[in-house]
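Order of writing sets the chain letters: A, B and C. Residues in each chain are counted from 1.
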Amino acid sequence: MTLAPPPSSRVQLTEDGKLRHFLSVEHLPRSLLEDILDTAASFVDVGGRAIKKVPLLRGKTVVNLFFESSTRTRSTFELAAKRLSADVLNLDIAKSATSKGETLLDTLRNLEAMAADMFVVRHQDSGAPFFIANEVTPRVAVINAGDGRHAHPTQAMLDMYTIRHYKGGFAGLRVAIVGDILHSRVARSQIHALNILGAEEVRLIGPRTLLPTDVEQLGVTVFTDMAQGLKDVDVVIMLRLQKERMDSALLPSEGEFFRLYGLNNEKLRHARPDAIVMHPGPINRGVEIASEVADGPRSVILNQVTFGIAVRMAVMSMTISGQESNPDHGGDHGR
Amino acid sequence: MTLAPPPSSRVQLTEDGKLRHFLSVEHLPRSLLEDILDTAASFVDVGGRAIKKVPLLRGKTVVNLFFESSTRTRSTFELAAKRLSADVLNLDIAKSATSKGETLLDTLRNLEAMAADMFVVRHQDSGAPFFIANEVTPRVAVINAGDGRHAHPTQAMLDMYTIRHYKGGFAGLRVAIVGDILHSRVARSQIHALNILGAEEVRLIGPRTLLPTDVEQLGVTVFTDMAQGLKDVDVVIMLRLQKERMDSALLPSEGEFFRLYGLNNEKLRHARPDAIVMHPGPINRGVEIASEVADGPRSVILNQVTFGIAVRMAVMSMTISGQESNPDHGGDHGR
Amino acid sequence: MTLAPPPSSRVQLTEDGKLRHFLSVEHLPRSLLEDILDTAASFVDVGGRAIKKVPLLRGKTVVNLFFESSTRTRSTFELAAKRLSADVLNLDIAKSATSKGETLLDTLRNLEAMAADMFVVRHQDSGAPFFIANEVTPRVAVINAGDGRHAHPTQAMLDMYTIRHYKGGFAGLRVAIVGDILHSRVARSQIHALNILGAEEVRLIGPRTLLPTDVEQLGVTVFTDMAQGLKDVDVVIMLRLQKERMDSALLPSEGEFFRLYGLNNEKLRHARPDAIVMHPGPINRGVEIASEVADGPRSVILNQVTFGIAVRMAVMSMTISGQESNPDHGGDHGR
C-alpha cells in the first residue's frame, strides 16, 4: 500500500493545544509530553490497588486495529483500556479475512459507524496511523501502536517515564541507544522525545550498517565503539535485534554482534556507576544483552512494562478527553 | 451435516406472542417487526452518548457461536452485547478444535450447562439455527446471524430500520434488490420483511443465472434489465457479489457484471430523485457499485451499520425478555 | 522443555493454611478440599440467577495462559472469571508468536509487571504450573488448568462436587474410573481427591496397556474386566479415549475397545441401581460410552459442567483471597 506522506503533526492537537490523537512525539511541545508523564504518574498507583479500575472510559469502545500481529503490544493496550473501564474489540486484521478485499478506508468507515471511540493502530507501513487520523470523523481518537520504521510513541513515552522516575528529570542527562537503530521505530521516537524533553546528549551506538543515513539531522552523536559510546552515560537503552536482519547480511553473526555490541557487565563499567539499563522487550538473552545485566541491579526493564500500562492509560484518557473538548465533536451520525 | 427441515417459525414466539428466538422474519407478524424497529429506535441514541452502555443484559452470558467465520458480523453482535452490559464469549468453532469430534448437540448441551443465556449462531447450513432453537433448553435465546442461503434476519431488520428512517414508512414504497439473489440469504430475509411490512412493490433485478427458480412464489416482480427495474423506485438495495460465483461460471466476468448490473450514477437516474442506495457490506467498489454512488449523497450504507448495532441490541434484549416471561423458564439446571 | 521436578505442594498454601495457588489436590488437607466444595456450593446459585455476577474479583486481571490450546477449558475459566467480575486476558501461547524466542520466565515476568493477579495455566509439560508458581511474585495466584499427564485439579474438584451433590458424601462409596488411566491427568487428580476425601474404595478398570506401572502405590484396586470392576459401585467415571492412543498400537480398535470397556446399559447393570455415571467431556459416543448411557437417567455429565463453573469460581476467589492475606503481598512493583 502507498500512503500519503505524514502531514504536519498538528493533526494530533485540538485548536487549544489538547491531545486528540497520539501518532508521533515529533513536533509535540515539551509541555504536552510532560502532561502525559504527569497523567501517567496518577495511573501508576492504579496497578497497585486491590481494584485496578477507574471509570474514565466507561461506555467507550476501544478497537485494537492490528494490521500487523503483536500479542504483547495488543495485550498492554487491552489491559490499559479495561482498567479505564472501556469495552475492547480486538481486530487482528493480519489474521482475519474481515475486509474481504475491502479498502482500508471502508474498514475505517464501518468501525466509525459502529460508534467506536478509539482506534489503536499497529501497521507495517510508516504513516498509516497519520493517514487514518486524517480520515476518521472528529469524534474518534487514533493511537499509534507502531507503524513501519516510523514511530512507536507510547513505547518512547514509557521510556521517558522510566528515565524521569529514576533520574528525576532530563537536564544534564546523557542517554545511549544501542543496536539496530536503522530498523527501529522505537529508537526514532526515543530520540525525538529525549531532545524535546531536554536531555543533554543523545548517543547512538551501533555498526555503520545499522545506522540511518540521515542520522546527523536527528540531533545525536554517533559511535561505533561501545567503550567510547557508553562512557559516562546515565541511561543505556538496548534495542531488540531482529533476527531477520542477520539473514539479510547486514550483520556477520549473533556471536559477533554480541562480542561487539552486546551489553555485559564489562562494557557497562564504562557508563556511570548509577546508570540504568532499559530495553523495550522482548529481550534476546546473549544476543544484545547478557543475563547478568538484564537480571542485574541496574536493569529497569520490567519496571518499563509496569509504567507502560500507566502511560497507555494516560494517552487513552487524554485523547478521549481532547476529542470531547473539540467543537467538531458530535454524536449525530446516522441521524 | 444434514439437518431437519426448519419447523414452523412458531418456535420464535412465546405463547403470548413475545419474541424468544430470532431466526427468520418469515411468518412473523407485522406488529412484531414494528416492535423490533421501535425498540431499536430507543437504542440508536445509546451509540451517540458519552457512555454507550445500558444495563439491560448485565450478568447475562452471550455466546457468539460461529460455525462459519465472520469477523465483521461477530464484531457487531459483540459490540451490541457489550453495550447491553452482557458478558460475551466468542467461540470460533470454524477455527477451533473445540468439539474434538463432538456432536453439535453435545456442544450445545455443554454451553447450556455453563448457564449461557443466548447463542448468536452463524452456520454454513440453512436451518441450523432453527435446529438449535428447537433443541436448547427453554431459558436460552437463539439469534440467527446468517445460515446458509436461508436467512440473515438481523441484517434484514437493520435494512428495514434504515428504510423507515429515511422514507417514514413502507406504504407506497417501491424497493429494488439488485445482483446475486440466488445465493443471498440477505435478499430472502429482505423480501419477507418488505412484504410483511407492506411495501408496495419488491423488485428483483439480476441475470437469470442468479435468480432463484421459486422466485414467483416470493411475491416479487423480476427484471433482468437495470433501466426497467430501477424505474421510479424509492429504494435500491445492492447485494455483494461473491467472487466465488464468478469462478463457477455463473457469471461472465466482473467487468461484464458491472457494465450490466453495477450501480453508477447513470443507472441510478432511473430511480426516483430522492431514492436511497443501500448495501449490506462489505462493498466491492467497481464490481456491484461505483464509488460515485457508494460515496454519493444518496448512499446510506454507513448509516445501515450504525442502525445495525441498535437493531441487534433490540433483538437481544427482546429475546432475553421473552425467555424470562416464559413459564418454562427456570434456573434449576444442576440442582 | 525440561522443568524442575514438582516441589512440595506446600507452595499451594499460605503459612496459616489458606489456598494461594491451586496446582494439584495431592498432599492438600481434607479440610481444604471440603472448603473448596463448600465455597463452590455458594456459587452454584449464581449461575441460576437473572444477574449471574458477583463483585469478588472486580478490578483483578486474570490471564488465561494456555501453552496448549483448549477452547473448552479456557471458556469455563473465562466465564468463571467474568462472573466474578474480573478482567480477562486470553493468551493462546500455542498459537501466537508472543514470546518471539523469549524464555518462559521472561514471559511471566512481563505479565507480572503488567499487574496480573492470576495465571490460569495449561501446559503440555507435567510440572509447569508448579514451576511457574515457584517463580511468580507473591501477589500472583496460579491455577493449574491441566499439565501433561500430571494433574487437572479443577476437573477433579468438580467431579468431587458432583459426587457429594448426588451421594451426600464420600464415606462408604465405591468409585470406578474406567478407560485410559495411563495418559489421564484427570484420573490421577481424581484418585488423589477421592482418597483424601475418604472414599471407601477407588477402582481402576482398563486394559493392562493403559494402566500406569506405579498403580499399586496410588491406593486403588485394579480390574481389567468391566463386570467385576463395576460390581456394586456407586459412581462410574468414564474417561475420554484419546484417538491418538489407538494409532500408537496401545489399543486394537475403537470397536474392540467399546466391546470390552465401553459403558452401555448392559455393563452398567453390574453397578448399584442408584449409581451415577460421570465423564469429563467431550464424550466420544460409541467409543467409551453408549448414547443410551450418556443420555440416560443415571448420567450427570452435564451437571458436572454446571458445577465446574462454580468450582472454578471458588478456586479463583479462594486463591486471590489467600494471596491478599499473605504478608509477602504487596503492590510496590515499579516503585
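Operating definition for what follows: a residue touches a chain if its C-beta (ideal position, glycine included) is under 8 Å from a C-beta of that chain, and two chains touch if they have at least 3 such contacts.
The structure presented is a predicted model; accordingly, all values stated were derived computationally and were not measured.
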{"item": "Shared interface numbering between chain B and chain A [over half = same, under half = different]", "value": "different"}
{"item": "Superposition rotation for chain A onto chain C, Cα-based, multiple of 5°", "value": "120"}
{"item": "Computed distance of Cα centres, chain B from chain A, in Å", "value": "41"}
{"item": "Residues of chain B touching at least two other chains", "value": "none"}
{"item": "Parts of chain A lying in touch with chain C, wherever the complex brings them together", "value": "44, 47-53, 69, 71-72, 75-76, 78-79, 82-83, 243, 281-285, 302-309"}
{"item": "Residue numbers on chain B that touch chain C, as the complex places them", "value": "58-61, 87, 89, 91, 96-103, 106-107, 109-110, 112-115, 324, 331-335"}
